[in-house]
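Multiple structures follow.
Next, two complexes with chain A in common: one pairs it with chain B, the other with chain C.
After this line comes the complex of A and B, so read on.
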């Protein structure tokens, strides 16, 4: 059974005079034991999608307008508060972006890891603390540091603690929301390696949110590229890295520096992310797209299956599955 | 797998013994004792409390504290009367010492009541925001329109005067202010990512409020509480002044301050003594509160 299946998820944030269309119909599937990378610019709706899986979209501004989120077959959006609390941390857990702020400054790290264990396993405080210490050692921190406070740890170690909290109850789905963004590069590698090892050991599925394609190549089985609240291209690593189809994904790759040929200039995608309160009509990417055609400004392209694994949402592929990125628009 | 790596530490104490660390209580005690001003505050406060408890040993209540000797009225401090004699011919020291029993108890318990009620309401309003916040805080705003004294007056007048009613009414009078303080502190902590993180591991709201939000709000709350104790003591005096607080011959600091006011030019010791008594009480509570806050916040550990 698939660990996670999201169908047509729509999430909005409303304030007094405007509506932010954060997620506009996202579909995704994470098969058991697999890792899906969710890639996109800041504001593309990645974190909102992740929070929807825990049904933790901040209320009252945020609202899940429609859609379904199935976790191991059960619809999360239909659960009551009690069921949700039982699910959070036990079956789905989240690693937050910034370890500096996601730990309670005045509780020891041991207590914070033990909290989740105590909430979901019927164990007393002693046993929870014992398991917390075991978790701490599993992420590579000596157990005798369990009674120290977060400020006594370095950034990388704090993120290890956050990972220990997330994994404490052996969730079947781990959501990692840019887990290495706040860390420096050498520590990033360690933390990624750790996440990967533990995930394989516990046979967890994972949703890896990132804007770093390097991380995706290293950690993920499949990739979904998000733009303006929609998945524009999705496929296996080979589909995305070797057979790019969507102009936006192409643009992302062109924005990466080429380590072998340092003289090449970067080709950033022109323009800016559209304002999510006023998305352009049709395909939201068309104002920035080199391949835009007349129909791109008029209608939203449907997601089209190019192969068993490869999905793309672009008018270029309405009549073909061939690579259209070599053919420039005439305009 | 847990079983393989877990070491059996039966309790936290045992855990510390294993690793040669001091238990958390001992750590906190040490941190508190290292803080000089906090220790001074604590000693001062304990002295005041001990004085209040031992009042009958220091001065006889009937024989000295409320006995009026007309011939000695308004006498300045002397060897016989260390703090002088008041306008009715009563020994000021004896009255200060006995007054401590009432002022301390009423002041501290009243703020305790307001912290319990106002703190709870403020925490709920700050945490849930939205309509809960609106309902609670608009009700508090209505009460906030009335001066504390007037509010306490209305309550004590309808329940009758007794020490317990006085504590309750002053406590209720300070509830709106307290709820504002707690609400503001809670709102600033609520949006922290670790609160979201607690929710993401399935913690219930009650648990989040107590273990993650309130405990991080303790600093501003402690500071306000110590200041409000001073206000509460003065409110008692205001109520006593119009006959709804502590009744006439019973000594009480605010009362002494109020009645000595008319003689302040000729016999300054009459107002000086209770004024200083209130001052030192508040000072000690303030230093103590600051020290407690530093002790509870592990980030400040050297």
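After this line comes the complex of A and C, so read on.
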């Protein structure tokens, strides 16, 4: 069974006079034991999608308008508060972006790890703390530091604590929301390696949210590229890295620095992400797209299946199978 | 996961029990009190000394004559130079002797010990009233920031902050003593009943402050990332508020509770006057009028001690709640 299946998820944030269309019909599947990379710019709706999986979209501004989120077959959006609490932290856990602010400053790290264990495993405080200490050691922190407070740890160590909190109850799905963005480059690799090792050891599925294609290449089995609240291209690592189809994905790859030739200028995608309160009509990427056609400004392209694994949402592929982007066609 | 390779829990807990640094910190703070009190007495003594007018004129009244005045001055030690008088006073103070009142000729210490308990009762009652009502209302209105209740509390809070103590005191007397006859309008002869109105009058402002501070710091706390972390762990909404948001949000509230001790003691001067309560607040006003320097100094020393000690208690509560502040204190001691 697939660990996670999201169908046509729509999430909006409303304020007094405007509506932010954060997620506009996302479909996504994570097979058991696999890692899906969710890639996109800031504001593409990645974190909102992730919070929807926990049904923790910030209230009262945020609202899941429609859609279904199935976790191991059960619809999360139909669960009551008690069921949600039993699910959160136990079956789905999340690692947050900024370890500096993700930990409660006035509780010891041991207490914070033990809290979830105590809730879901129904053990007493002592046993929960003992398991919390074991978790700390598992993420590479000496167990005798369990009674220390977050301010006594470095950023990388704090993120290890956050990982320990997330993994404490052995969830079947781990959501990692840009887990290394706030860390030093030297620490990033360590933390990434740790997450990946633990994931493999515990046979968890993972949703890795990132804007770093390097991380995707390293840890993911499949990739979904998100733009303005929609998945515009999805496929296996090979589909996306070797047979890129969507002009936006192409732009992402082009904007990476070239390590062979450091003197070349970066080629950023022209223009800016559209304002999510006023998305352009048709394909939201068309104002920035080099391949835009008249119909791109009129209708939203449907997702088109290019192979068993490869999906793309672009008008270019509705008309012709020949490769408009100048890369090799599918073998 | 076996626990065998991990250190026993007791050993871990022990590391948090090391509070020896805190005792040194408290001692240091108490020692700092000495120069504070000295400076206070010096300033007040100087002001009283150089204020035009002659205390003996007030004491003697109609019986005033040059001869009687100089006789009385010699008796009270007022004929000595300024510094000698001051040093004499401080020397007495060091032995716990607040001197003799010019007016009543009784030891000031005696009067203080008779009157201070009344003031203390009102202050503590006001504080309890403030904390017991202000914090829960603040928390509740923060958890439902757009509700009718929340808006009502904001209006009441604004009223509480803006109403003058003497006016509120008079209105309370009018309602509860004159019209309803439930509570005594003055004095301290009816035990707990006598304390209620003065405490409410002096605490209304204070409570409104505490409520508003609690509300705004709670609103801020529930936005923090660690609240989301806790929710993602599966902690219920109520438990997140109790265990994660509230302890973090209480810091500014504790500041308001502790730091407003001075304002509360200032307010007591008015309350005790309105409700005719024999406390140190009214004693201060009366003795300033009659230029009774030792009594004025006695009242102020007691009040200053109250403020200083309540600030110390606030700092200790900080350290108890927030480990970062505790670490800071210990560092200060070590330096």
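One rule holds in what follows: the second predicted complex is superposed on the first by the 322 of 331 C-alpha atoms of A that agree within 3 Å, B and C clash if a C-alpha of one lies under 4 Å from a C-alpha of the other, contacts with A are read in each partner's own complex, and residues count from 1 in each chain.
Everything that follows uses one rule, which is that a residue touches a chain if its C-beta (ideal position, glycine included) is under 8 Å from a C-beta of that chain, and two chains touch if they have at least 3 such contacts.
Everything numeric in this text was worked out from a predicted model, so none of it was measured.
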Clash or fit: what happens to chain B and chain C when chain A is overlaid?
clash
Could you say whether A:4 touches chain B, chain C, both of them, or neither, answering first, second, both or neither?
neither
Applying the document's definition of touch, where does A:64 land relative to chain B and chain C: first, second, both, or neither?
neither
Thinking of the overlay built on chain A, is A:88 touched by chain B (first), by chain C (second), by both, or by neither?
both
Please work out whether A:56 is in contact with chain B alone, chain C alone, both, or neither, and reply first, second, both or neither.
both
Can you list the residues of chain A that meet both chain B and chain C?
54, 56, 60, 85-90, 93-94, 96, 98, 101-108, 115-116, 119-120, 126, 129-131, 133-134, 137, 143-144, 146-147, 149, 151, 162, 165-166
Once bound in the complex, which stretches of chain B touch chain A?
1-2, 5-12, 15-16, 18-19, 21, 24, 130, 192-194, 196-204, 211-212, 215-216, 296-299
Going by the contact rule at the top, pick out the chain C residues touching chain A in the complex.
1, 3, 5-7, 9, 11-13, 15-16, 146, 224-226, 228-237, 243-244, 247-248, 321-324, 327
Residue ranges of chain A touching chain B (in the complex, touch as defined):
54, 56, 60, 84-90, 93-94, 96, 98, 101-108, 115-116, 119-120, 126, 129-131, 133-135, 137-138, 143-144, 146-147, 149, 151, 162, 165-166, 168-169
Could you list, by residue number, the parts of chain A that touch chain C in their complex?
54, 56, 60, 81, 85-90, 93-94, 96, 98, 101-108, 110, 112, 115-116, 119-120, 126, 129-131, 133-134, 137, 143-144, 146-147, 149, 151-152, 162, 165-166
